[in-house]
Structure formats: structure tokens, C-alpha cells
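This is the structure I want to talk about, given as C-alpha cells.
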């Protein structure tokens, strides 16, 4: 099992969800985050004093998947999130040792879906 | 060492904290998240237009533990969070390579607690 | 590749960012979190009723790095976040299997930076 | 666009003066013009004061919203909006007639037909109130009584039940006890003194709220399994503070306006004293409630100080016309202490009144009519009787209604809906879209 | 610090009375003093009502802010602040003169020089308005018309274009159609009845807003690719509700104040009736809009009920002086239903009016002048003509302006700026620093 | 419920007229009734204006709250509530007596006993003010002066120290310099003109705030190690904008109310001019501050425009009765530019005034009294002297107090408490429970 974590532009979330649904990935967790990357920030002023805003709003998506879903999940996220502009984001993949469904106590691959 | 990540219903947080305390797990980090799973969402209307809300409020808990605490931590989360209804959530377990206490610079198993 | 996750005091964020920049770590994602650890909380009252606040505000930082950056990233976080007081926080390190840049589709080590 | 009749009458007047004959006619004209002038002045005063009282509605709305969880905000706002909508329509239809009509059933209620008069039935003059404006002022009071309750029952009551409650209170319960004093009923005959309504308005609302809080039971998680109270903090204290400031402002329509006229020398004297007593009592209430929390809990607490200000205002309402400035300060200070005690008392009794409607309006409403006896020379026995009668009436009448609704299964929402918030369950609409709001309890 | 002239004149008066001779002089003195008294009373009434109308500005500001996304809050607030700043300055410079000046160009516009008079040109008396105070009252109305639009064009219009629009509306468009009726122009000559401005103020704002919404096109994501509307919920309904309460309060300056005098018996009668009709219509509007959403969507919806209150207020504005209390309830109830229908209609037409400015002010503004015919005895044909003429003027004049701005590329912000929010793009300043706010659409 | 005395007197009057004899008596009666009428009208005007000034308190409260971090909101709200509570009680006890009592110590202070009169000491008439209402109006001014400071010292001052400061200012410092002009002291004797208190109220508050900001030092992180200023944005600009709108509204009690009477022809003329000048100066201030930021920083900034509106209001306060409409626009426009410059100046001096209390109230307060000389014909030398004397008094007196508090270790909270927020440290209560709020600086 793998844990797929993606940081995307906030306004791409609906598109990513749609792309994942089409690929039969229905489960995910979403958090909002601030990101710092190649995308340069923007400037604000407040009462005449400059503020450099270089932590930009991002959305973080976490999806636990079985091995056979890894490829299509990544592909779905890319399909939904890519605009070709700096700031589109990153996908990180880590090994998932165990997954437990709290409601039933099921473990492992069957608990993921 | 393992990193245990759980997504639970927000209103179960006090119960989960209590269950973990009883099992001598005192450290954790909590984030709020939105989740999408088997639990179906609900409908809102705004000025006569339907909104389908399928990202539901969840609480994410991260706990770094030593091997001998893994079982009881999982068991504690389940004890506190389970209601038997859809939406109770998931627990994910990943391998933790290193843990450092910033204050002292301690590393490894002794830094966790 | 490694994924470095740190929980720090909110007011240390600017210092941590500065320390990381000086060490040429420019990319990161920031989330706010609530933490429970050795730092004891504080008490509030609301209309004469006590509230024990033991989930304290923390900032979570996630940084995906290549192997040769692991040491200096950890060192930078410690440099920026350490005050020597309880509550300074923790750094967790996990194995990162894959990293994908959404914009270009690049994978692996070159996608991280 | 129009021109006033008076300029014409003034012209006529000056014309008349040109003729040496008819001096009495002249004088009569002058007298009439002056009467109209006083009439206009008094009705303008009433109009302005009525507006101030109407403006108390948003004060209540955002105070109550601010002192409750974010997840119930739409519900609370909606209840306050409907209190004014329903209140105005029902007080128009029947409430006003019940309250100020001719005595019926041995003086326990009034009646003089549906709706309200549109024309003056007497000659215009100082102290004569236009029936439409008089209704306007009184309707604002009725809506105030109704809206006090919405805070006490917040977070768990079905919206439809609330509408039923609100309709019954403004159409029936408030007008009946109102008739007893202001309508010229039996309490008025006994000399009961409640100048602007500590009991008639506030205790009615406060005790109706207590009935609601009892019938509903506490919110889930408000008391631990062993009965220890647990705080459920309000989601926006800026709104709460703004609400209290607005109420304080509106109260200067409530109290001074209850003089109902300003054109006479006595009226101005009374209004001046009432206004000063009102601000002093509120200030003392806020200050002493703050000190009480500082001593009792170790830190000065804003929400209690805000309640203290309101407690001072409620406490002075019955007696502001008959007590001295220093007495007003004393009355406010005691009210500020009472409200802190009242909140703790409810906690001990495990009654969940999220905004403190009973300590503020119920308890201090009774204190206000008693203080009229203690500091203002009114008959203390009559004051106690009147306060008790009005509070008991509101409490019992509404308790019956709430238990009927409970019996019908209409009173309280499901536990799951309560936990998720009434905004989603009752209205399918959330107050703070886009904001990340925790709802962990 | 000063003392009034009247006490002196009263002394003179009493002195004069000491001399048996000169009784006519005495009487003349009395007449004059009384005229000044009425003058003072009427101007004080106008002053108070003008303040209430000015206070509607924050009502609009926070209602519109609350009904839009958090990321556009600074922009909306700024537009509302500037409506009052620009409005006051331009209505001072030329607007007032266009609206209340001597007829020009065959009665289509007025003019009598820049600025406003500083002195009374006639003898003081009841119903005589001080020119500075009269301007003060009228300027508040002009700013109201302007500010209605800012909600309709929210979330996508360039700030600089909005300033141009606001200047043109208060300096030119509103004064011209205002002149037709209130300035004594051709509609006034035909007997068109619009007491406080359902059409002259509200329909002008509502139809100008519609022109803006059409010229701009909908916000990104407001309609799906297949045209199905998608909700973009407001970020703070507490502000929205508070805004509506403030507007409701301010409306009692708008409607009763339009009587322009209170010193005569007829004035008091009119004001009393107007005030009661105003509150009843608003209450009915809110109640019926709530019922409509309950039946149509299954749950009572707050934002629609709030719009219903405003719809009732707009609907009664033209006719509150000539309809009975029950008719006022009917007018408000129908307005409450109309506003729900109007919102759905715009959705069907794929016009994006984020706060419902057209359904509330445009549609119900027209309804108000028609209702003056249906319930108040005004000539229905003239009412329909007047409503149409005013709405068409505002719509066409502003549509031309908006398309000119569009042609110049000044009208709408870039898509990326729109998605990130106008606060960052236009002002480099965010409204809720520190709060974690989602902006996923 | 009561009836006015006037209807009776009117009846008596008419009765008297029936008798041909005693025409002088008649006339005397008429004169008396008219005097009471004027008295009632003037006192009603004062009452309404006092309410408007009291309503400025929530304006200040939410403006200051909105312009600061979320973590200090409870603290700021609490300070504003206590300014009014303490202010009313202390101004009642001694402040009013210091300010309007008989000259003492060679005319540097007044005194005439504790508390306030309850009865008229002269015959009722136009321009005669009821002592209780006069106090009511003046107390509102005192509370305004006090509350200006709370913004300047926000985010780092101990609550208990703030209470001491607030008590000293309203009980002693404000009344003393107030006595110099309004109490008939030495500045009044020199002909110093400060109609509604640009210097007496606003400069006192602004310079007291400056003293506080200096004594406290800047918030942690406000200036970089090299002294470059760093922005600490306000947490809720909707509250800030609403606060400014409320202040603007309340200012129409502040300025026109300072005429203290409306019953005479001259009074109406003055009030009309004052009201129009007030709105024009505010509008110009907002517009020019916006333009200044647009040119200087590239984007129009809301918070500065809001400050510009207030700057215009403060600037016109001293001279609104003696300048023309165009001069009012010029005064406001200059104030709007001054405020932007003042904010930058403080940044350069590394003084941290979180809401700009000194640029708005201090700097533009001085500008206001100077403008009375430049545009209004007052003696410029005397104006400069008066402005300087008042500002210096407030600054020095409060600086001493603040340094005493500092010496006692009571002035500033611990660094850790400051970082976590004063709401937790001082009050154990947070303003936005449930909302996820960042506090990274």
C-alpha cells in the first residue's frame, strides 16, 4: 500500500476531485496548507509598509491506495491539477505499512477502499 | 518507530484523547481536515441553488511512537473513535526513520516520548 | 529521498524559514496544527467555567529533500526553532519513495528542488 | 413633496392678527398651534425612541450569535430576524389589542378589535400619542421580550418550534401580563411600579427562556457525566461586544422613551434623570461584574463584564424615574454581582442557558422591580407580588407550551444534527463559508 | 459655547407684552417665534432622518461583504466607502443642481450653479427646509442609489472602473431621473407617485446593477459548462444579517423622512402611518420569502429571508403614505415572493448578481410604484410609465457606460486575479489576516 | 404611564383666553409655554446628539479590534467597554466638576462638588440645558477622549495599567485641559476657537496615545533588527470598516450637537452648515488618503482610506461652524494627506501606534485648530498656542503616568504573553473559539 500526498493550487481542487472520481478513486483527505516553492509570492502593503507574501495558499490531498491504484491516482491528480504554470505543485509517495478501518477493525488492503 | 495517522470524526476527539491518555500516550499533533469516503455528504442550498457538500469535516491525528506502543495506540484510537457508523475513519501506519527533539537535539527512541 | 516533518512553535516560523533559506532549502509546505506534548497547556475560563487548553497551537512544516540535504535541513530547523524551552517541538523523518512535479511530470530527485 | 400645514396656519394666524377684532380667536389659534407643536414634538420623541428600541434587535442577534458556536450561527440569526417579523405582524393583528384594549374577563386581558387605529381620537396636544406611533413603540417592546429567549434555547431547539414559541409569546403571553400593568389592569390598580419594563418585558423574556432551557435540557457535552459544567465558548466575542454596545445604545430609547412625552418641563426633567441613571447603572454593572470575575476566577472576564452591563441596564429599567444617581450606581453594581451569581447558580442546577438570558433578564428583572421599592419608595410588597406574578405567569405559561411541543416530538433536534450544527440540519446553510472552523465538541 | 437666539426673542416677547400698546406687534412676535419653532422642529426631523439614511451605508457595506467570498471583502468595503465619499463630493459639486435646479433642455434636467446655498431664501417656518440640510438629506439618497450596484458587480470588476461608474451615477444618472419627479420635471407633472423612491432610488440602483452584471458576465465557476448554476456562498452571514437589520433601521429615516416635515398635524399623521407601513411590509416580506424557500427548497433559508425583508422595504417605499396597514402587509408579502422568483429568474438567464441587487431593488422597486396604483389609488398607467421610464433610463445609460469601459479593457480583472481574489490583486491587502480561509473556487 | 404637563398648561392657556381681562397674563402664559417648548426641543436635540456620541464607542471598539491581531481582540474590546464604564462613573464623580466647576487655582482647574445637579437652576427656555443631560453629553465626550488611546497601546500593555490610565484621563487630565476652554478658563479668555474639540478631545487622546506608544515601545517584531518597519496586519477589516462608518455616523452628534441648541434660527443655520461641512471633510479625507496611497504604494489601500475619513472628521471638528463648504473640503483633503504622512513619520521614528491614533487624532487634531485660523478667521497665533498647550499637557501628563507604571513594572506584559496574545494571558478567554487562526508572529 502507498500513501500519496499532493500539494496543489486551491482552485484546482474541484478538477482533481473530478479526475479522481473518473478513475474510481473516491476516498481522500484534504487539508489546507501554505506552500513555498519555485512560484514566487506577491507583495501586499498594509498602512504603507511592504509585506512579502511568499507562503502561498495550497491544498494538500492525502490518499491511501493499494498498489494497483498508485499509477492511476497519480495520473488523475496530474490531469486535474496541471496548468503548466509554476506553482502547480508536487506529488509525494511514501510506503504505507498498515491501514485500519475504525468502524469495522478491518486491516490492510481491504480497509483502504 | 512508527508514525500513526488517524482521520476521525471531529466530535470524537475528546474521547480519543481520553482513551490515549488512559493508555499512556500523551503526545500527539492534531490538524483539521476535510474527508471524502464511504460516508455520503449532505446537501445545502444557497439562494435557491443546490450545493453538494461531500468533503466532510474530519480531524487528523499524528502520533510518532516506538514499536512497543504501536498496538495500544491503534487500539486506543479505535476505542475512542468507533461509533459503528460510516464515517468513523481510518488509521494509517508508516515507518518512521528518525525522530529529533528540537529542544535537546536528542534522537531516536528517546526523543519520541 | 526523505520527507522531513517538523512541529514547531508558531512564532518561530520566520526564524526557521530564514535558517532554511541560508542553507538553500527553499521549498516547503506549512500547515497549522494543534499539539500535545511535554509542554503543559494553560487554563481559560468562560463564564466562570474552567477550560483546560492542552492542545496548543503549533506549526507543521513538511519538506521533501534529497539525501544530501537531509542533514542541513534538520540542522536548519533546529537552528531556527530552538529556544531551549519545553514545547520547542519535534522533527520526524520518513522515507520518500517518489516525488513528482505536477507541472512537468518530472520524477525523482530532480523533481524535488 | 409637501409642505406642512403649520406654515399655513401661521400665515392665517398672522392674517388674523391684522384685524383688531377677534382677539380671542387669535388667542385660540395660538393655543391650538402650540398644542399641535407639542404634539409633534412628543410624537417625534416617541418615533426616535421606538427606532432605538427596534435597533436593539440586531444587538440581541449578534450578541447571541457571538456567544454560541459557529455551527449554530445561521439558526440564531434567523430566530432573531423572525422574532421581529412575526412579532410585528402578530402584535399588529391581536397583541396590541390584548394589551391595551378594554378590560375583559375581569381585567385579566384586554381587547378592542383586530389591528390598530389609524387616526387620532382626541385633539392633538402635548402628551397625546398618535395611535400608529404608539403601536410602533409598543411593538418594539414586544419583539424585545420575544428575542431574549432565543439565546437561552440556542444550539438544540427545532426552528419550527421556535417559531411557534415566538408567535405565542408576542401574540398572547407578553400582552396579557403587559395588560396587568401598562394596560391598566389589576397590578396597575395596586400601584405596581415598573417604569420601562424590568419585569413586564425582561423578566417575561428571562423566565420564558428559563422554561425553554429546562424543557430542552442541556446541550450535549455541556455537563460532564458527573455533572461538572464544561465551557462551550462563544465563537465571536467581537460580535458579542458589539451587540452589547448596540443594546446599551438602544436602551436609551427603551428607558427615556417610556416617559412617552418630552414637551413638558416635567418630561424633560424625567428624561434627563432617566438617561443619566441608565448610563450609570450600566457602567456600574459592567465594572462590578468584572471585579467579581477577577476575584472569583483570577482574571477579568469579558463575557461576564458584558453581561454585567446588561444586568445593570435591566436592573435600572423599572426604577430609573424614581431613584437618585447614586442609587442608580448601587442598583447597577448589585445587578452586576447578581448576574455572576446567577450564572453559577444555573451551572449548579445543571440548567444550560448558553447566553445567560435568565441571570441577565430574569433575575435582574426581578431585582429591578424590588429596587424600585428599596431605593425608589414604591411599596415593596406590591413590587414583590408584581414581580412574582409576572415571572410566574411567563414561566408557567411557556413551560406548558414547551412541554406540549416536547410531547409532540417537535422540541429538540436529533443528537447528530446538534453535534454537526443546526445550520446544516435546520437550514442547509453555513455562516462562515471558506473559513476553517473546528467543531470538536 | 452658545445660547440660543430664542431665549432672547422670548425675553423680547415678554418685554413687549409689558407695554399695553402694540398688541399687534406682540402677536406678530408670537407668530414669528412659533414659525421659528416649527422650522427648528422640521429641520431637526430632517437632520435625524438624514443620519438614518447615511447609516444605511454600513448596512449595505457589510451585507454585500457578508454575501461574497472572503477574498473580495476589502474590495467591496472599499467600494462602499468610496460611494459615500465620491457621492457626497459630486452631489455637492453638480448632482444636487442637476436634480433640484431650474428646468433646462425642456425639463429633462435641472441646473442652478455649482455647490449649494448656505442661507435661507424665505422666511423660517414649518415645512421650510434649510438648504444645507435639504442637500444633506438628498445626498444620502444619492449615495444609497450608487451603493446598491456594488453588490451586483462584486468579485470581478476593476476598482478603477467602479469609481468611474460611481461618479457618473451620483453626478449625472441619478440626478437626471430624480429631476423628472422630485425636481418637478415631466413625471411630476403627470402625477407620478413615488413617495420615498422605490423607482427613483432603488430601481435606478437595481437596474444599473443589472446592466453591470450583464456587461461583466458571471464570475468564473458561477455556472457550469452546461449552464447549471453553482452556489458561491457568502463568507459571513452574521455580517449579512447585521447589515439587513441596519438597513431596516435606516429605512425609518428613508420613508418617514420623505415627509420632509413633522410640525403639522398632517405631517405627524403621515409619518405615523408611513412608519407602521414600513415595518409591516418588511416583516411580511421576510416571512413570505422564508415560506417560499421552505416550500421550494425544503428548508427555510436565511439569506433569502433577509432579501425578503429588504424586498418588503423597497416595495413599500413608493406607496407607504397612501396605503392602509393591511395593504402594506400584502405589498410586503408579494415583494417577498417576487424576490425569490427574481433570484431564480436571473439564474435561469445566467446572469450573476451575487447579492440579488436586481431582484431586491430593481424588481421590487418597480413593484413599489405599481402597488401605489393598485393599493393606493394612483393612476396605474402613469405609475407603469414612470417605473418603466426610470428603470430604462438607468439601465440603458449605465449599460452604455459599462460597455465603453469594457471596450477600453478596464471593466473586468484577469481570471487569475479573480480566482485569487480582488483583495490581493486590486488592493494588496487581505481582510482576514491570520484566519485560515479556503479559496478552492 | 403619564401625560405631559403641557397639555394641561395649554388648556389653562385656552381657559385664560376665555376671559377678556388679563391679556398680559395671557401673553405671559404664552411666553412661558413657548419657552418650555424651546427648552424641550433643545434638550431633545442634546439627548439625541449625546446618544450619537455614545454610539461612537462601539465604533472605536471594533475599529481598533479589527486593526489588530486576532489574539488581542478580547483585550481591546474589554478596554473599550471599560473606558465607557469607568469614564461614566468617574466623570460623574469628579470629572465634570473639574471641567465645568468654578475656577480654582488661578483658573487652571474647576470644582463645584461631587456628582451633578439634578435640577434646573434657571427658568426653562431655549438654549437652557438640563444639567443631567448636559452631563450626559459631556460624559460621552470624555469617554471618547479616553478610548482613542486604547488603539495606540494595543497588543502589549497590561490590562490593569490600562484601567489606571483610563481612570486618570477621564477623571483628571481631560477635564483640566477641557476647563481651559469649555469651562471658561484661560484659553477661552484668549479667544481660542475649538468648536467641538479637535484639540480638546482628539488631540488629548492622540497625544496621550503617543505617550503610551513611546513609553511601551513597539510590539515584538514590529521593526526589524535594522529598524525597517514590518507590517502586522489587522485581523478583520470588515470590523474596521464598520467601525469607521459608525464613527462617521456618531460624528454627526459630536459636531452638530456642539451647537448645544436647535430652537433658534441661528442654531438651525449653524447646525445645517456644521453637518454639511462634516460630511464633506470626511469624504475629502477618505478620497485624498486613498489617492495618496495609490500614488505612493501603487495600490489603493483600504485601511489608509478609512484613516483618511477619520482624519477629515477630526480636522473639521474645531472649525466646522466658521468655514465655508469648499474650505471644509480643503481641510478634509489636507487631513487625508497628513494622516498618510503621519503614519510614515511614526514608522521612521520607530514608534509603534498600531491603529494610527496619533496621526488621526493627534496630528489632525492640531490641524483642525490651525485650520480654524487659516480658513475660519480665528487668530492663528492663539490657535497655535491653544493647540500646543493642550497637546503638550496631555502628552507630558500621561508620559509621566506611563513611566511611573513602567517603573513599577506594571506597564508591559511579558514577551511570551505578548507572542501568545493578551487574550490568553490577561483574560484567559479567546475571541474566536473554533476558528483556526494562525499566530506566526
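By written order: A, B, C, D, E and F. Residues from 1 in each chain.
Methods note: contacts are C-beta pairs under 8 Å (C-beta built on N, C-alpha and C of every residue); 3 or more make two chains touch, one makes a residue touch a chain.
Given the structure is predicted, the values throughout are model-derived calculations rather than measurements.
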{"item": "Set of chains whose contacts include both subunit F and subunit E", "value": "A, D"}
{"item": "Contacts common to subunit A and subunit B (chain labels)", "value": "C, E"}
{"item": "Of C-F and A-F, pair with higher C-beta contact tally", "value": "A-F"}
{"item": "Intercentroid distance (Cα basis), subunit C paired with subunit B, Å", "value": "18"}
{"item": "For subunit A paired with subunit D, centre-to-centre distance based on mean C-alpha positions, whole Å", "value": "52"}
{"item": "Euclidean distance of C-alpha centroids - subunit D vs subunit F, Å", "value": "30"}
{"item": "Shared interface positions of subunit C, touching two or more other chains", "value": "31-32, 44-46, 94-95"}
{"item": "For subunit D, residues contacting two or more additional chains", "value": "23, 30, 34, 37, 41, 44, 48, 233-234, 236, 297-299, 301, 303, 428-430, 432, 435-436, 438-439"}
{"item": "Touching pairs - complete list by chain label", "value": "A-B, A-C, A-E, A-F, B-C, B-D, B-E, C-D, C-F, D-E, D-F, E-F"}
{"item": "Residues of subunit D defined as touching subunit C within the complex", "value": "229-234, 293, 296-299, 301, 303-304, 307, 340, 343-344, 347, 356"}
{"item": "Touching residues on subunit A, where the partner in the complex is subunit C", "value": "2, 6-8, 31-38, 55, 58, 60, 74, 77-78, 81-95"}
{"item": "Sites on subunit C touched by subunit A in the complex", "value": "3, 17, 26-31, 62, 64, 94-103, 105, 111"}
{"item": "Contact footprint of subunit D on subunit F as seen in their complex", "value": "1-7, 9-10, 13-14, 17-18, 20, 23, 26, 30, 33-34, 36-37, 39-41, 43-44, 47-48, 50-51, 54-55, 57-58, 61-62, 65-66, 73-74, 77-78, 80-82, 84-89, 92, 115-116, 118-120, 124, 130-133, 135-136, 139, 159, 236, 239, 426-436"}
{"item": "Subunit B residues touching subunit E - in the complex, by the definition given at the top", "value": "44-51"}
